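The same chain A turns up in both complexes below, where it pairs with chain B and then with chain C.
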Partner chain A sequence: MAVVELPEWAALAPVLILAGTALALFVFDSINPRSTNRTVLAGTAAIGSLVALGVAVWFTVAGVGASGLEGFGAIELFDGQLVVDQMALYFMIIVAVVTALVSVASYDYMEGHTYQAEYYSLVMLAATGMATMAAANSLVTILIALELASLPSYALVAILKDNRGSIEAGLKYFLIGALSSAIFVYGISLVYGATGYLQLDAIATQLETGAADGEFAYGGLLGLGILMLIGGFAFKTASVPFHFWAPEAYEGAPAPIAAFLSSASKAAGFVIAFRVFTTAFPLDATSALIGVDWTLAFVILAIVTMTVGNFAAATQQNVKRMLAYSSIGHAGYALIGLAGLGAGSELVMGAAMMHLLVYGFMNTGAFLFVALAEHWGVGRTFEDYNGLGQRAPVACFALVIFMFSLAGIPPLGGFWSKYFLFTGAIEAGLLVVAAALIVNSALSLYYYSRLVKAVWFEEPPAARDSLGQPTGLYAAIVFAAVMTVVLLPGFGPVVETALDAAAAMIA
Partner chain B sequence: MEGVFDFAPAIAVFPLVAFVIALAFGKHLPKKGAIPGILATGGSLLLSALMLVAVSSGEVYHETLYEWAAGDATSATGVEGIAFTFGILIDPLAALMLVIVSLVAFLVHVFSLGYMNAEGETGLPRYYAGLGLFTFSMLAFVYADNLLMAFMFFELVGLCSFLLIGFWFRTKSAPSAAKKAFLVTRFGDYFFLIGVVAIAATFGTLQFAGDESFVAAAQTAIDDGGTLFGFDAQTWVTITGLLVLGGVLGKSAQFPLHTWLPDAMEGPTTVSALIHAATMVAAGVYLVARMFGYYALSPTTLAIIAFVGGFTALFAATMGVVKDDIKQVLAYSTISQYGYMMLGLGVGGYVAGVFHLMNHAFFKALLFLGAGSVIVLMHHEQDMWKMGGLKDKAPVTYYTFLAGALALAGIIPFSGFWSKDEILYDAFIVGLEEPVIMAAYAMGLAAVFFTGFYTFRMVFLTFHGEPRSEAAEDPHPVGWSIKAPLIVLGVLAVVAGAANLAPVYKLTGLELTFLESWLDGEYGAIEGLTYGAYGELLAYETGVVGTEQLTVMIAAGLSLLLAFSGAGVAWKLYNVPEPVVYRDRLGRVGDVIEANYYQDEYQVWLAEGVTLPLARAADRFDQTAIDGAVDGVSTASLFGSDRLKRIQTGIVTNYAALLVTGFIVLLLVLGYAGGWFL
Partner chain C sequence: MNDWIAIGALALVGLLIPLGMMAVSYLLRPSVPETSKRATYESGEVPTGGTRIRFNIQYYMVALLFLVFDIETVLLFPWAVVYLDAVESDAVSLFEILAPMVAFVVILLIGLAWAWRNGAVEWAQTTRQVDAEGNRS
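Let's turn to the complex of A and B:
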C-alpha cells in the first residue's frame, strides 16, 4: 500500500518536473539575459533532471502503473491520451539519466559560450518532449510530443552559431526532420481515415472488430499508413533509410548534444514505436487486414540498419562520425525487439528495452569522451587520439569500458543486453536476424578496438601539453562507466523491470 | 573416537600451509622452508595414524564437503541432475594409504635436511614449496570421494612432479626430462579425462562409494542388461574402464607409457624417493584399487590390466639389468614392481596388490634414500662402476640398503617376499583356468629372476669389492638426518611383511592375515568397498594343483628358487674384489636392452614422423583456408564500408531522394507481400 495517496495526474510528475525546470530556466533568462553563471544554470538543469529521475525510480519501485494484484494498473490520463505504466516510467528513467549526464557534462563543454540559459532550457524542453513520448497513448499526443522533442533538438544542434559545421548540421537535420514529420503526419491521417480513431486502444478495438466482421475495406490504406508511421519512428531512432541526418547532425552538434540525441532521443523514438505497435496494431488482427505481418518491415529494417551502420562505421577516420554510425548500428539491434514480436515472447522486446538502458550509459559516455577530447582540443580523428591514455588514464580507461561494452564484450553491460537480444531473436525464430547481429557485432569490435588501440597503444603524435581535468565532464564519464559495469550485477532488477514492462505491453 | 574425522581435511591442509609458507617466507626461514614442511607432514602423519585407529575401531567417514557445480543434465541411465563436489572418503584402504604417504613424505622431508640443505643447494624454498604442494595434492587424491576430485588432484601431483623433476632447471637434461614426464603422463591423462566425462555422462554420478556411486550404478545397468550409448552395458563399462586406465598407465609408468620414469631421475633423489617411487607413481595403482568394484565388473579390463602388468614387470626388469647408474636401476625396478601390483589387481588379488603397494612404498623409498645417501657419500657420483667398498665405511647405509634389497629381490622373510609371493600365487591359481593369465603369470615369474639379479648386482657393485675411485676411498660423511629415515624404513622393510602372512595361514591355519581382514572390513568398512564384496563380483575361476597347500608350496618355491638363483648369479659375477663388465658378452641382445628396446625411439618417431606432419598439414590448412577466408571477409567488409560511406554525400537533396527511394522500396516489398496493389 502506498504511504501517501497522490492524485492521478501526479503520475506524470517526472514530465512535469522536467517541464518546470525548463520554465524556471526561461524565467532566469528573462530576468538576467546575459548571465553566464554556468554553475546555477547547469546545476538547475542537472538537479531538475535528477529529481525527475528520482521520482521515476521511486514510482517504479513503488509499483505505480504496474499491473497485477498489488499494483494500480496502468494510469490513464485525459481519456487515455496519456498513459503512465511501467514502460513509460522505464523510458522516463532513461531520458532523465541521460539528461542529467548531459547537463553535468555541458558545464565544462559550454564554457565561454554566449547562450547558456537558452541551451539548458532547450535541453530540458527536449527532455520534456521525450518523456512525454514515453507516456503518449494517442497518435495526436505522440505527434505533439515528438515535435516537442524535435524542435529544440534542431536548435540545439545549430547552437554553435559561429561554427559552420554546427549550422549546416542543424539545417540538414531540420530539413530531413521536416520531410520525415510530413510522412509521419500523413501516416497518422491515413490510419485515422482507415479506422476513425487516434487513440491507440480505440484503434486496436476497431481493427479487431473489423477483422472479426470481415467488413474492413481499407486494408491497403491502413498498411500504407502504418508504413508511414514506421517512417516517422525510423527518423527519430535514426534507422535506415531515415538515418541520413544522423552522421552529420552528430558530427556538427556540440558533443553533449550528440550524446543526448543518440541516446535519449533514440530511446524515446523506440518507446513510441513499442507502444504504437503493441497497443494499436495487434499482430493477428492487423495481419488479417493488411495481408502482411508488420514485423516483416522491422525484420528488414533491423538487418539493413545494423549492417549499414556498422559497415559505414568500420572505415571512418573521424571518431565522432564513427560513433554516429555505431549509433545507427545499435538502432538496428534495438529494432530486433519489434522484429521479434511475432513470436509473442516478451523476452525479445524486454531485451531491446534493456539494451536501450545500457546503451544510454555506454553511448552517452562515449560521446562525452569525445566532448572531453574537444574540450582539450586534441582533434577529431583516430590519429589525433593517439596516446591519450598516457595523459588521462582514468578517462581513457572509461573509454575502454564504453567501447568494449558497445562491442558486447563480457562481462560488461552491453554484452548481456546483446546476448538477450540474440537469444530472443533465436527464440522468435529469426535466425537471419540473429546471424546478422553476430556478424555485425564482430565487425563492430574492429572499429571500437581501433579507438582503444589509438588511445592506449599508439605513440602520441608530438609533445602534448598536460591535459586538464574538467570536473563536470569527468564526473559524468566516470559515472557512466561505473553504471556500464555495475548494471551487470544490477541486471537482476533491471531485467525484471524490463521484462515486466514488456509483458504488460504484450498482454 | 567420535569426532576425530572432523580433522580429516587438516591432513591435506597442513602441507598446503607449508607450501604457502615456504613459497612466501622460505628465503627468510632458517632452514629455507624445511621446518614448516617437517612439522606439516608430521602433523599429517599423526592425524593419518589417528584415522587409522578410528577406522580400526569400526568407524568410517564419507562426507561431501563442498558442491562447486551442479547441472540438470540427465544421464544415460536416467539419473536426473549431476553435482560436482569435493568430499572425503576414509575407509580402510584410504586410511592405510594416508599413513603410507604421510610417513614417506615426513621421512623424505627429514632426509632433505641432509641431502639438500647440508649440500648447500640453492632454490630451496622452491624445493620445499614443491614438496608441500605435492604432499597436499597426493593426500587429497588419496581421500577423494569421487572420480573428478581424484582426477583434479591426479593432475596436480603431475604438475608437482614436473616442477620437481625440473628443479635443477639450469641444466640441459632436467627441463627436458620434466617436459617428457609431463607430456607422456598427460597423454595418458587425456584418456582419463574422457573416461571421467564418459562415466559422468553415463551414470550421472562420480562417487566412489555408496548406493549413489557409479560403481553401483554400473552393476545395476549390467544386471538390467540394457544398452548404453549403443553398446552392451558391460562393453561400455569396459570401454570407460579402459579410458580411465589410460591415466593409470601413464602415472604408474606401465608399458607403453613408462618411458618418462627413468628420465625423471634427473630430479633430486629425495624427489625420486617420494614421488617417483613411493607415492605419486602409486597413484595409478591406487586408483585401480579405489575403483576396483568397477573393474571387477569387466573381466576384459582385468585381464588387460593383468597382462600389461606382467609384461611390464618382465620388460622393465630386463632393462634394469644393464644399467650402470644406481638411480636408473632403481627406476626400472620401480616400473617392474608396479607391474607386479597391476598383475595382482588384474587377477583379482586386491589384497595382494595393496599389500605390495604398501611394502614397495617402504622398501623402494628406502632404496632411493639409500641411493641418495650413497650419492652424498660419493660426492655426487652415480655410476656404480666408480663405487665399491662402501660396506665398511658406511655401515648404516649398507645394512639398511641391504634390507631394502632383500625385500625387493623377494627373499624370505623380508617384506617384499610376502607380497610378491601372494601376487604370484593369486595369478597362478587363476592362470590354471585362464591361459592369458597364465602367460602374465609366467612373465611375472620370470621377472623374479631378473629382479634378484639386478638388485644384487647393484648391491655388490656399490658396497662390496674394492673402491674403484678416489671418492669411494674417501667418502663424504652423512649425518643423522640421513641415517634416521633410513633406519625407520629399514625396519619397516624387514617387518612390514608380517601384516599379511598368507602362505603361513594356508599352510598352518594360523590367522596371521591382518591386512586381508583389514581390507575385508572386519574392523569396519563402507559397504561394497571390501575384499569380500569385490570377490563376489569377480568372474574368475581358480584352480589348484593337488591340494591348496601343495599349490602354495609350488608357487612360493618357484619364486624363491628364481629369486635365489638371480641373486646367486649376481653374487658369482659381481661379489669379487675387481668386478668386470660383462655387457659385451650379451651381443646384439645387450644392444637392444641397452637401448631400452627402442621405446624412446619409436615414440619420438611417432611424434616427429606422424604427429608433426599432421600438425604441419593442419597448420597449412589454417594458414591458407581459414585465415584466407577470414582475411577475405575483412577485406570485403572494409571495401564495402568504403563504398557505403560514399552514400553520405553531404548534399541534403540527395538525402531526401535516397530517403524517399528507400521508403518506396520498403513500400513495394510490403505492398507486394500484402497484396495492396491488387
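Let's turn to the complex of A and C:
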C-alpha cells in the first residue's frame, strides 16, 4: 500500500507532467520568442519526460492499476473515458523513455535551427498525445489523443523549413494521416451506430447481450466499422495497408523525429489497438455477430506486413529508408500479439508488448545513429557509411548492438522478445505466422549485417577527417545501447509486468 | 451474412447510379463542339489572370485563432449555464466546478500569449512596407 493516498486523477500524472512540460516550453518561448538557448529548452524537455518516466515506473512498482491483493485495481477516470491500468503505465513508460532519448539527441541535431522552443514543445505535445492514447478507454478519447499525437508529428516532420525533402515528407504524411483519420472516424461512427456506445466496456456489454439473445441486427455495420478501425490503427502503427507513408516521412524528417515516430508513435498505435480489440470486441461475441473471427484479419496483416517490410528493406540503398522498412517489418511482428488472441493466452500479447519496449530502445538507437551520421554529414547510403568504425568506434559498436538486436541475435534484447513472440504464436496454433516470423528474421539479418559490414569492414571511399563527438547524441545512443543489452538480465520484471498487463486485458 | 449482401448491394447501386447517368447522357446528348464551351465559367465572368494567386498566410493564422476561441465559447457556454446550480448543490465543491474551466482558459491564454509574442496577430507587411521601414531606421 502506498504511504501517501493520492487523489484519483493523480493516476494520470505521467500525462499531466508531459503536458505541463509542453506548456512550460510555450511560456518560455512567449517570454523569450527568439531564444535559441538549447541547453534550457532541451534540458526542460528531457527533464520533463524523465520525471514522467520516473512517475510511471513508480506507479507500476507501487501497483497502481494492478489487480490482486497489493494493487489498487484499474483506475477509471471521467466515467471510464480514461483508464489507468498496468498496460497504460507500461506504454507511458515506453513513450517517456523514447521522448527523453529524442530530446537529448535533438540537442545536437537541431543545432543552429531557428525554431528551438517550438520544436521541443511540439515533441512534448505529441508525447502527451501518445501517453493519453495509452490511457484512452473510449473511442472519443482515443480519437482525440490520436489527433493530439498526430498533428504535432506532421509539423515536426516538416520542421526543416528550408529542406525540400522535409516539406515533402510532411505533406505526404499529413495527407495520408488525414485520409486514415477520416476512415477511422467513419469506423467509429459505424461502431457507434451498431452498438449505441462509445465507451469500450459498454460496447463489449452491448455486444455480449446482443450475441446472447440474438437480437443484434447490425452485424454487417459492426463488421465494416471494425475493418475501418483497423485501417486507422494500421496508419498509426505503419502496417499494411497504410504503411507507405513511413519510408517517405522517415527519410525526409529530422532523424530524431524519425526515431520518435517509429518507436513511440508506433507503440502508442499498438496500445490503442490492443485495448480496443481486447476490451470492446470480445472475440466470441463479436465473431458470432459479424460471422468472421477478427483475429483472422490480424493474422493476414501480420504476415503481409512483416514480409513487405523485410523484403522492401532488403533492396534499399539508403540507410534511413532501410530502417523505415525494417520498422514496418517490426510492426508486423508486433501484430502477432493481436493475431494470437484467439487462443486466449496472454503470452502472445505480452510478448508483443515486450517487443515494443525493446524496440523502443534498439530502433530509437538505430535512428539516432543515422542522426549522428547526418550531423557528421557523411551521406545517406550504405557506401557513405563505409569505414565509420575506424573513426567513431563507440557509436559504431552501439550500432552493431542495435542491428543485431533488431535482427534478433541472442543474447540481445531483440532476441528474447522475438523468442517470446515465436513461442506465443506456436502456443496460439499460428504455425504459419511463426514460420513467417522465422523466415523474415533470417532475411532481416542480411540487410542489418550489411550495415554492420559497411561500417566496420569496408574501406572508406576517401580519407576522413576526424569526426566530432556531440555529447547529447552520444549520450542518447550509448544509453539506448546499454538498455538494449541490460534489459535482458533485467528481463524478469519486464516480462512479469508485460504478462500481467496482458493478462489483465484479456481476463 | 445477409447484412453483408445488403451493404454490397448498396455499394453497387451507389456506383451504378452515377455511372448510369453518365452513360445515358453520353448516349442521348448531341455533340456540338464550340470554343466558348471550353471557358472556365461558361455563363459567368470572363476570368482574368490565373487561379494560382498567393493568399497571405495571415488569413489562416487569424482563422485558426478564431477557431480556437470559437470552440472555447462553445465549451464555456454550457458550463456557465450549469455553474450556479452546481455551486448551490452539495454534490460538487466550488473547486471542482471552477478548476477545470480555469485550467482550460489558462491553457488557451498561454497559447494566445505565445501566438501574440511570435507575431501571429501582427498584420503581415508587404515587401514595400518592409523596405520603407528599413530605410527609416
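FYI, the second predicted complex is superposed on the first by the 507 of 507 C-alpha atoms of A that agree within 3 Å, B and C clash if a C-alpha of one lies under 4 Å from a C-alpha of the other, contacts with A are read in each partner's own complex, and residues count from 1 in each chain.
Rule of thumb we're sticking to: a residue touches a chain if its C-beta (ideal position, glycine included) is under 8 Å from a C-beta of that chain, and two chains touch if they have at least 3 such contacts.
Just so it is clear, the structure is predicted and the values come from calculations on it, not from any experiment.
J.: If we overlay the two complexes on their shared chain A, which of chain B and chain C does A:477 touch? Say first, second, both or neither.
T.: The answer is neither, since A:477 touches no partner chain.
J.: Which touches a greater number of chain A residues, chain B or chain C?
T.: In the superposed model, B touches more residues of chain A.
J.: Does chain B (first) or chain C (second) touch A:23, or do both, or does neither?
T.: After superposing on A, A:23 lies in contact with chain C but is clear of chain B.
J.: When the two structures are overlaid on chain A, which partner does A:248 contact: first (chain B), second (chain C), both, or neither?
T.: The answer is first: A:248 touches chain B but not chain C.
J.: Quick one: classify A:33 as touching chain B (first), chain C (second), both or neither.
T.: A:33 sits against chain C, while chain B stays out of touch.
J.: Give one of first, second, both or neither to describe whether A:291 is in contact with chain B, with chain C, with both, or with none.
T.: Both partners, chain B and chain C.
J.: In the superposed arrangement, which partner chain does A:223 touch: chain B (first), chain C (second), both, or neither?
T.: both
J.: Considering only the contact definition stated at the top, list the common interface residues of chain A for chain B and chain C.
T.: Correct list for chain A: 219-220, 223-224, 291.
J.: Given the complex with chain A, which residues does chain B contribute to the contact?
T.: 634, 637-638, 640-642, 644-645, 647-648, 650, 652, 655-656, 658-663, 666-667, 669-671, 673-677
J.: Under the definition above, what is the set of chain C residues touching chain A in their complex?
T.: These residues of chain C touch chain A: 1-4, 6-7, 107, 110-111, 113-114, 116-119.
J.: Within the complex, which stretch of chain A touches chain B?
T.: So the residues of chain A in touch with chain B come to 171-172, 175-176, 179-180, 183, 219-220, 223-224, 227, 230-231, 240-242, 244-245, 247-248, 290-292, 296-297, 300-301, 308, 311-316, 443, 446.
J.: Taking the touch rule as given, give the residues of chain A at its contact with chain C in the complex, in rising order.
T.: By the definition above, chain A touches chain C via 23, 26-27, 29-31, 33, 217-221, 223-224, 291.
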